[in-house]
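Okay, so chain A shows up in both of these, paired with chain B first and chain C after.
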Partner chain A sequence: MDITFKNVSYTYQPNTPFEHNALKNVSFHIPSGSFIAIIGHTGSGKSTLIQHLNGLLTPTKGEVKIGNYTLSSEKKLREMKELRSKVGVVFQYPEHQLFEETVEKDIAFGPENFGVPTSTIKKRIEEIMPKVGLSNDFLSRSPFELSGGQMRRVAIAGVLATNPSIYVLDEPTAGLDPKGQKEMMDMFYQMHQEEEITTILVTHSMEDALKYADYIIILNQGEKYMEGKPEEVFLRESDIQKVHLQVPESIQFLKKYNEKFGTQLPLTRQSTKEIAAQISRTL
Partner chain B sequence: MNPIVEFNNVSFHYGEDGPWILKNCTFSIKGNESVAIIGHNGSGKSTIAKLMNGLLFPQEGEVYINGKLLTEESVWEIRKDVGMVFQNPDNQFVGATVQDDVAFGMENRGIERKEMEIRIEDALEAVKMKEYRLTEPHRLSGGQKQRVAIAGVIAISPKVLILDEATVMLDPKGRTEIMETIGHLQKEKDLSLITITHDLHEVMKVERVIVLNKGEIWATGTPREILKNGSELQKIGLDMPFLIELSQELKDLGVNVLNEPLTTEEMLEELWILHSKM
Partner chain C sequence: MSNSMIIGQYVPGTSLIHKLDPRTKIVIIFFYVIVVFFANNVLSYGLLTTFVIITIISTFIPLRFIIKGLTPVWFLIIFTFLLHLFLTKEGPVLFEILSIKFHLGGVIQGLVISLRFCLLILMTSLLTLTTTPIEITDAIESLLHPLKKVKFPVHELALMMSISLRFIPTLMQETDKISKAQASRGVDFRTGPLKERMKAIIPLLVPLFVSAFKRAEELAMAMEARGYQGGEGRTKLRELTYRKKDLFIFILFICVVALLIYVRS
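This part shows the complex of A and B:
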């Protein structure tokens, strides 16, 4: 499903002394099947933006289109539940939302609400468990006796079980150790690749944005500050620093290397192994 | 100089017969030293922090803080010496304004009002939050809240400040703010700093690193000594810094990077020397 924001503004508590414009005239287009990173600081409007993707918020001005569903201030969307079944949102620290007695019941809660038959849910859970890296022994256990990383996986399994066409991931790796972070991101990337699921990653990690995203949108104080392919965006280092963000370490290094050695190594998402090979050829 | 923190064969587990979370840990931390404790999730890092201020007690071995053995009796004395800042900035605010919040810990210790005013001033100065002293907490960013939390802790002038993943919930700007604050405190105050973290940029800034793996001390050393074993760190679930990984990949290709460069400048210099020789 394509996603289009057309001049979207969102104002919290309009016409009160607490009025706050969280999004200001934001427009962009996300083609179906792409992997997008949305980057920005606390207060940049990221959370407000992603709440528009499953209709938790509707724009104060402008229009959001997700596939054939349109969200605007003028007309209330009648198929809201349908939209929500298609957009799977993994919120920050999703393990805080676990509540059922067993892992199996917790994962089944979402699809049950969307009216998926029990037999289908059972089949989906069987498929999902290996994907999130949990064995079936976990199904009968209480989610509350698991480690933080395991709880996170259960919460994510619950979102996957609704079989969405779009993933919205709000800092899905926060608080995990480096190995856990990598496993989690590789899992989402693999599902994105295999099933061509449109994926929207909200992150602070420029490294992850470079590694996984086809396209980057940077927000600053409610406005779209920059957008483009990672290799285009990261060329504009001083603009990025202006909003207190950092270009990935590998790109910073390659730039300085090119300056010192008069080379033209590409500033793209090549692996460290490839960078080493490129350097050894220029020495 | 006597150690400020001393762990002597410390082992810990939860409940009656839970698995050992920490096994036979022995180490000490000197006054004014800055130490990072790193390790995968579940390696026992946070347990170590909780054993330092008596939130937990070991089943085996002894913990000494500033020369005092940690016991049920000494724990209140010991907590005066050990300040902790946790992950979530929103869970740590108790005051209605920044200055009330900084005062809270001192009120609990019955410090005189006059002295409190001096210390609030001094602590907020140290974390560069003086102009916010009358601000309500919900108007602050995550990084600012954590700086106020740090001010609240240093106002009671502890001997040790423990930061338990205090930057993980912050955005990059908030992280930088905290790192700067810590660097500043290290210079200005008579204080040992223990930071529990996954962030390698934080690790590079300390004097000594303790690596935990499955509840045991796996290695200790300077950041350079620890980080140069990048591939070993990766095996126990930690990160390898980009430049260390690059050195290793270059070596595999026969490019002999001799020292382990930790900064871009060091790396470029190494390569420049090799380049001139070829």
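This part shows the complex of A and C:
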């Protein structure tokens, strides 16, 4: 499903002294099947933006289109539940949403709400558990006796179980150990690639944005500040530093290396390993 | 969610009212609430209304905002007005609709009671609008201090109050976050039969309680780690001190009260 934002503005608590414009006239287009990273400093409007993607917020001004569903201030969307079944949102610290007695019941909670038959849910759970890196022994345990990382995996499984066609990931790896972070991101990336699921990732990690995203949108104080392919966006170092963001270390390194040794190594989305290989070839 | 609720919402400012000692404000409000019931004629109500309006203006809080905050109690005000309109049978009959007689006494009584309501609510909401919850708790602790002699746990009470006040916004945020997460998983809090909506509360309440207990535990640990042992010998960062402006406001208030007693019939 394509996603289009057209001149979207959102105001919290309008007409009070606490009025706050969280989004200002934001427009962009996300084609179906792409992997988008949304980055920005704290308070730049990222969380507000993603809440528009499944109708938790409706724009104060402007229009949001997700596939055939339109969200605007004028008309209330009738098929809200349908939209929510197609957009799977993984919020920050999703383990806070667990409440059922067993892991299995909690994962089944979403699909049950969307009216998926029990037999299908069972099948889906069996498929998902290995994907999120949990064994089936967990299914009968209480989610509250698991470790933080395991709880996170259960919560993510609960979102995946609804079989969405869009993933919205709000810092899904925050608070995990480095290994867990990489596993989690690789899992989402794999699902995105295999099933062509449109993925929107909100992140503070420029490295992740560079590594996974086809396209980057940078927000600053509620406005769209920059957008483009990661290898293009990250070249504009001074612009990026202006909004208190950092260019990924690999690109910084490559730039400095080129300056110092007068080489012309190209800036693509290569990993540290690939950079090392390229350099060793020039030596 | 709670956009129209202003009771308990603090609006930062630098007006004279904001800068008063919270104890002054609480004591004045306390006596004001009693004094409102002394008013019994046009002149005395006029005096009180003027007093309230001047106080509101001097806080520099937008009037629109204060009036909006009255929305939850409008119903109550209108209800009392109607009650008096229909039930008070005093004075000459004003008009008659469908053989129900409306008396002048009823209209006046209804208006007076509604006005009294407004006067009370406006003034008391000004207290929380111009005073931070922490200031209010400090003031209550200080005002209740004499009760310590009869072994009343003043400090503990104040601490409990400030902790609960401190965590109201946190819990509200948490509720908002969890309800959004569950709404994304297909829970419908707004529509559907009552039974279903009651059931929808469970996925909200369980995580909320879990996190509240966790938070309480963490807070207790953090307090102990910083050497908290209760009120004995504990000093304060913000000492409350009465200043000249407090005296000034007190005298002003006493003048208003004296005038009120003079003009009431």
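Here, the second predicted complex is superposed on the first by the 283 of 283 C-alpha atoms of A that agree within 3 Å, B and C clash if a C-alpha of one lies under 4 Å from a C-alpha of the other, contacts with A are read in each partner's own complex, and residues count from 1 in each chain.
Just so it is clear, a contact is a pair of C-beta atoms (placed from the backbone, for glycine too) under 8 Å apart; a residue touches a chain by one contact, two chains touch by 3 or more.
Source: prediction; values computed, not measured.
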Which of chain B and chain C A:Pro130 touches, first, second, both or neither: neither
Partner chain in contact with A:Gly180 - chain B first, chain C second, else both or neither: first
Contacts of A:Pro117 with chain B and chain C, given as first, second, both or neither: neither
First (chain B), second (chain C), both or neither touched by A:Gly158: second
Touched partner set for A:Pro31, first chain B, second chain C, both or neither: neither
Which of chain B and chain C A:Ser147 touches, first, second, both or neither: first
Touched partner set for A:Pro266, first chain B, second chain C, both or neither: neither
Touched partner set for A:Leu283, first chain B, second chain C, both or neither: first
Touching residues on chain A, where the partner in the complex is chain B: 41-43, 147-149, 174-180, 204, 244-246, 249-250, 252-253, 256-257, 260-261, 272-273, 275-277, 279-280, 283
Residues of chain C defined as touching chain A within the complex: 3, 11, 61-62, 64-65, 68, 174, 177-178, 180-188, 202-203, 206-207, 210-211
Contact set on chain B toward chain A in their complex: 39-42, 87, 141-142, 165, 168-174, 176, 198, 234, 237-239, 242-243, 245-246, 249-250, 252-255, 264, 267-268, 271-272, 274-275, 278
Chain A - residues contacting chain C, complex: 13, 15-17, 51, 54, 56, 81, 84-85, 87-89, 91, 94, 96-99, 109-110, 112-114, 144, 158-159, 162
